[in-house]
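First chain A sits with chain B, and in the next complex the same chain sits with chain C.
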Partner chain A sequence: MTIADDIGMRADRGLDSSKGINAKAVLYGVLTTIMVVFCILPFILVIVISFGQKVDGAGWVWAFTLANYQRFFVGLLWPDEVTFLYLQQLGYSFYFAIIASVLAVLTALPFTLLLTRLRRSTQAVWLVFILASLSMSEVFIVMGWDILLSNNSGLPKLFEVTGLTQWLKDVGWFQTLRDMGLANPRNVKFKPSSFATILTMSYLVWPYAVILLYPALSRLDPSLSEAARTMGASRWTVTRTVTLPSIRLPLLGTTLLLFVFLLGSYVSVSVFATPDKQTTAVAIYSNIRGSNMDAPFGSAQAVILLISASICLYFGHLLNNKAEAR
Partner chain B sequence: MTTFNRRTLLKTGASIGGLAVAGAALGTPLIAQSRSLKVGSYGGYFENSFKEFVYPEFTAATGITVESVTQPNSADWLVTMQQAVPAGSIPTDISLYGRDSMIKASRIGGLIAPLNISAIPKAENLDGYFVFDGPEGPQGVGAMSWFSAMVVNPNQVDIPASWADFWDTDKFEASLGLSNVHSNGLLDITAATFFDGEETMMSNEGILAILDKVRELKPNVTLWWNAESQMEQGMKNGDVIGGQYYLDVANLMAADGFPIKATFPKEGNLQDYGSWCLTAGSEKSAEAAEFMNYSSDPATQALMSRKIGTAPLVDKAMTDLTDDEFNFVSGSPSIKPAYEAYLDNETFIKESWDKMLAES
Partner chain C sequence: MPDLILSGVSKSFGSTRAVEPTDLTFAEGQLTALLGPSGCGKTTLLRMIAGLEDPTRGTIRLGDADITALPAHKRKFGMVFQSFALFPHYTVRENVAYSLTIGGMAKPAALEKAQSLLETVQLSGFGDRRIGELSGGQRQRVAIARALAQEPKVFLLDEPMSALDAKLREEMQVELRLLQQRLKITTIVVTHDQREAMTMADTIVVMSNGRVEQVAPPRDIYHKPANAFVADFIGKANFFDGVYQKGGVKIGNHAVDIPANFAPGSPVRLAIRPESACIVTEPGQNCIAAEISFVRDLGPVKEYHLKSDIGPLIVEYAGTDGVQRVAGDKALVHLPVGALRVYPRVAA
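Presenting the complex of A and B:
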């Protein structure tokens, strides 16, 4: 069919039934309304509320003040006193999201490469399994790891019954673990800790990493690396100079996507991170919940988190373009 | 009784709260002829126990039928009421508020109506503290109370005689579980243990001094919980061997055989309470007064202690509670939260608390 045909058909349809156009218009109208009501309005509301004012001992009122934004950067008591508490929280949002997303991609990459070399039917089984595991919510996963890492039913128990705890005590390394916050006087403990937080966050996004990498990796032409191998390149050289360069775009894209997803991670951080490493997402909720009723400051934090994420995505996009241009 | 407790269920109850309000509004015309009253309480196990054990007794005694309305909790309910009452819709005649939310409501104004206390003679049974005098006169009558107590794992440590023992790193290094919410009582407990209690809470310097003391406790805390289920799990699976937890739930857990012992150290435990407040604009003030009067009866207070696990607001001697029944839900001495400080100095206390926690 040529383009001209297509245009002709569309015109015909338009002439035939004004009803069709009306239905279409109604559909678009409904969709636009849904977008505005459920997406754009709440968004605008958050931005507007972020300029509101908290009343101590009561709720908050509509206002136009930049105090909430100022508080984010220098704290409530500025200029008498400065605190970088909220910047620190934003820093840890990035810290956890970056480490966990990179870790997830790095471990998912070899797995997915191996997966693409399996028989088609076996691949399908694996993919269905991984897709199914996406249905588990963050709460579920955190609960699972919470049990796996807890004293009476998890890893510490294993340390104890296998005598590993006693051995650690005997050789003197136990004290080092205590100093690192990974043991109490009785046994090793793995939560709360950055280890548990990053582990859970990586675990959470790992299936996404596989599914996002799979299309690109399955399209890799094996003859390229075979050719390189026959010309005498070592396995590592092939990976470094042939495989990785050809998938750098999906690698970068996947990492960025997981990173942005993890920026808002709430349950893993609030359950597993130590209080000195809490993130902005957790702070937002603690501000807006009933006991504080400080929605304006919570909203201001949310807006800043959003802007930070957008900046990251923008730079990711720039990098992408650069990589593509090369 | 199960270990599934009212506060956990509040969260699930929140979502169905709106439906309950809508349902209650639809049902009203049908029973307009008889005397009725819409009473709010925190959804879940708590509200169900009221519906099953308390409201039927009240109806039998007075002929007033009760429509139960689900509240998510008191702070969020305040937000609902703040929108509903000026709009002329009154979801409940009586709402249940924590003291801080009640004071907030009285300060916002136009949300809770003054009470005719002479129609509530049995309120005399309550300590005067539990009848709240707001800017417009008496605006709340105590409903029930609950303790947040010191708990330890008796298999791991001796029962401490003072909260100060928690500061002993030899005993409790990386072993305690405490709430990470600034207003959940650790400040009040620390003030009562090492300072002049509520008085110290009233100034910024006092707050900072208390926070310095709490900072010394940090190496001993392994779990700063924000949901009480975390603390429950922590005690059950041995991650924590002590901390602060709700007295009734701790006793239920102990009764189920878990290694937890709630105790009253010499400084006491934190006691908080809920109040019945009459919604401004309600036409049922007479019925509401009868309900509050009924609730202040020592027999009703004892009924609630037995069936809901709350502490009575009247002297134990006035009730027929046995020692065991009473000790299950109450004890002495009690530490009262510095509500005024939390209200007037809310933002400062929260930020200073968060800063203290965030230091590594």
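Presenting the complex of A and C:
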């Protein structure tokens, strides 16, 4: 091989490597563009629009005003009158999301614990089934619960036909249900109600709870609970003093994740919640896509909902750090 | 404290028999080692004693009380697990005090008693530490203190030394034995390490394939193994397959004199410990001609690997016999009648 050949080969190699760098740069460029166009840009647009101005009887115009945020916290009539309608909606968002996420985690926990004690093959079947159920949309699930809880064809009818309604009346519990808004003078009535809303929201995220808890629970060392048993701990004491403290971080993480997910829940709330208990997510939809045509205020609500969720996640992170430091 | 008595205890998992029907008595205040290879059923037996597994058949009694159906949390046998199973969310002192606090003792009193137990296991300055901050040996001491906190009638240890390094293991074996002797608590240790069993146990139960092969003090287990399995599993042994003839065993063309109760023509296995065989200069009874193939000086002992007409064998000398032998030397190996054991030969 001559020196010239060698130089030629090196040059070729340099060309190949520059081609590799170019391909890499193109790939990064495409990925960055996708991120910017589909994730960051819409997010920035929502923030920018939240400072826009609604035009009475028409749409909205670009502007820079804090009126939408002011309206969220003190109401439309400020300074003549202070109303907390939108804060109340945010409160209901938290109310439904907290109860539904805690309920989902509490019910998923014993199920997942039992699941981890099954044979591997049985566990796999259950996990596939649960993963498959995640493919069902919120609309589909809510429709199912809507039918199940409907007064004419669902559970109330079953209560009436089987005589359960009459039995509830006989034992005096029917009045309690009426007081809770779960019965009319004739029969039980599950919707619209907070009960139906929370139940559906819990059902919606229950498979996520199982999937998120499963890795931590399957890694749980069974000898820990066995050791506790040999030291005189009953099953409940073992759960209280060994199992739950051992998985407190995954429990907290799962609850937080489901909570944030449920903050944006729209269909369950709009179908099952009473009009006085609508959430921020429903209000956002009404403003942006509904009859209000007030995209700037809807965007401001979305930004505030997002900030609220971020604050919750931050506190969760702090709690997590504190627990890990122990 | 009364004896722990197992009568016909067996355990099956589906169609697999993990423990064959077993009768054992664990004498009060004694340390018994369940010794055997992995999968021989010793841990399953221990777990049945602890109440963590239900026996398929048989009864477990503590003195006169039948505890077969008694759940683990009511037996309160202290147990040390192979992984130590210490609670990572508690401090060392809280771990030790666990059985006391859940048993209803006031927390300050429980922590005080835990502290005194930590002193017993020489960890008095470690009470406030987290489990993650301890070494393997320290964790084991915490696990022992925790199991002893409830003052158990029976103390169970499942392979307690397996997570420790060799040096620490030897130290802990002696420490554990001294502690057990001081507390005079009925103790059962599961181990696959014969050295550990020989160091600690008053009685060794050798198990294989779910069966008890021999129950005897360590010395008898070593010098009078009940069968070829025990002879092979405990220590080292030279084995020679042959056929029993009146007054001896015929191995190939050689006859080894050893009286035993076998019908002539029975297939037998002859065993002798390497330290019981010796290299001699003068021919005599049970002397086999051999050639040294390898010499290994292990410090306290010298090991000769030999090829002979009856098969390969190993001879061990403690110290030195004053003769320098090397590979290739011819030698006469003497198999003393008193050191030979004959077992029936069973198909593998």
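Definition applied: the second predicted complex is superposed on the first by the 292 of 326 C-alpha atoms of A that agree within 3 Å, B and C clash if a C-alpha of one lies under 4 Å from a C-alpha of the other, contacts with A are read in each partner's own complex, and residues count from 1 in each chain.
Simple rule for what comes next: a contact is a pair of C-beta atoms (placed from the backbone, for glycine too) under 8 Å apart; a residue touches a chain by one contact, two chains touch by 3 or more.
On a predicted model such as this, the values are computed, not experimentally measured, just so you know.
The superposition on chain A brings chain B alongside chain C with room for both.
Touch criterion met: A:Ala233 reaches chain C, while chain B stays clear of it.
Applying the stated contact rule after C-alpha superposition, one finds that A:Val271 touches chain B and leaves chain C untouched. Once the two complexes are laid over each other on the shared chain, residue contacts for A:Leu224 go to chain C alone; chain B is not touched. Of the two partner chains, neither chain B nor chain C is touched by A:Gly172.
By the document's definition of touching, of the two partners only chain B reaches A:Leu85; chain C does not.
Chain A is touched at more residues by one of its partners, and among chain B and chain C that partner is B. In the superposed model, A:Pro192 makes contact with chain B only, not with chain C. Superposition on chain A places chain B within reach of chain C only down to 45 Å, the least C-alpha distance between them. On the chain A side of its complex with chain B, the touching residues are 54, 56-59, 75-77, 83, 85, 88-89, 146-147, 150-154, 178, 181, 183-186, 189, 191-192, 270-271, 274-278, 283, 286, 289-294. Residue ranges on chain C touching chain A, taken from their complex, read 50-52, 71-79, 81-83, 85-89, 98-99, 102-103, 130, 146-147, 149-150, 156. Chain B contributes residues 72-76, 78-79, 82, 103-104, 107-108, 156, 173-175, 180-181, 183, 222-224, 226, 230, 233, 236-239, 343-348, 350-351, 354-355, 357-360 to its touches with chain A in the complex. Per the touch definition, chain A reaches chain C in the complex via residues 221, 223-224, 226-234, 237, 241-242, 245-246, 248, 326.
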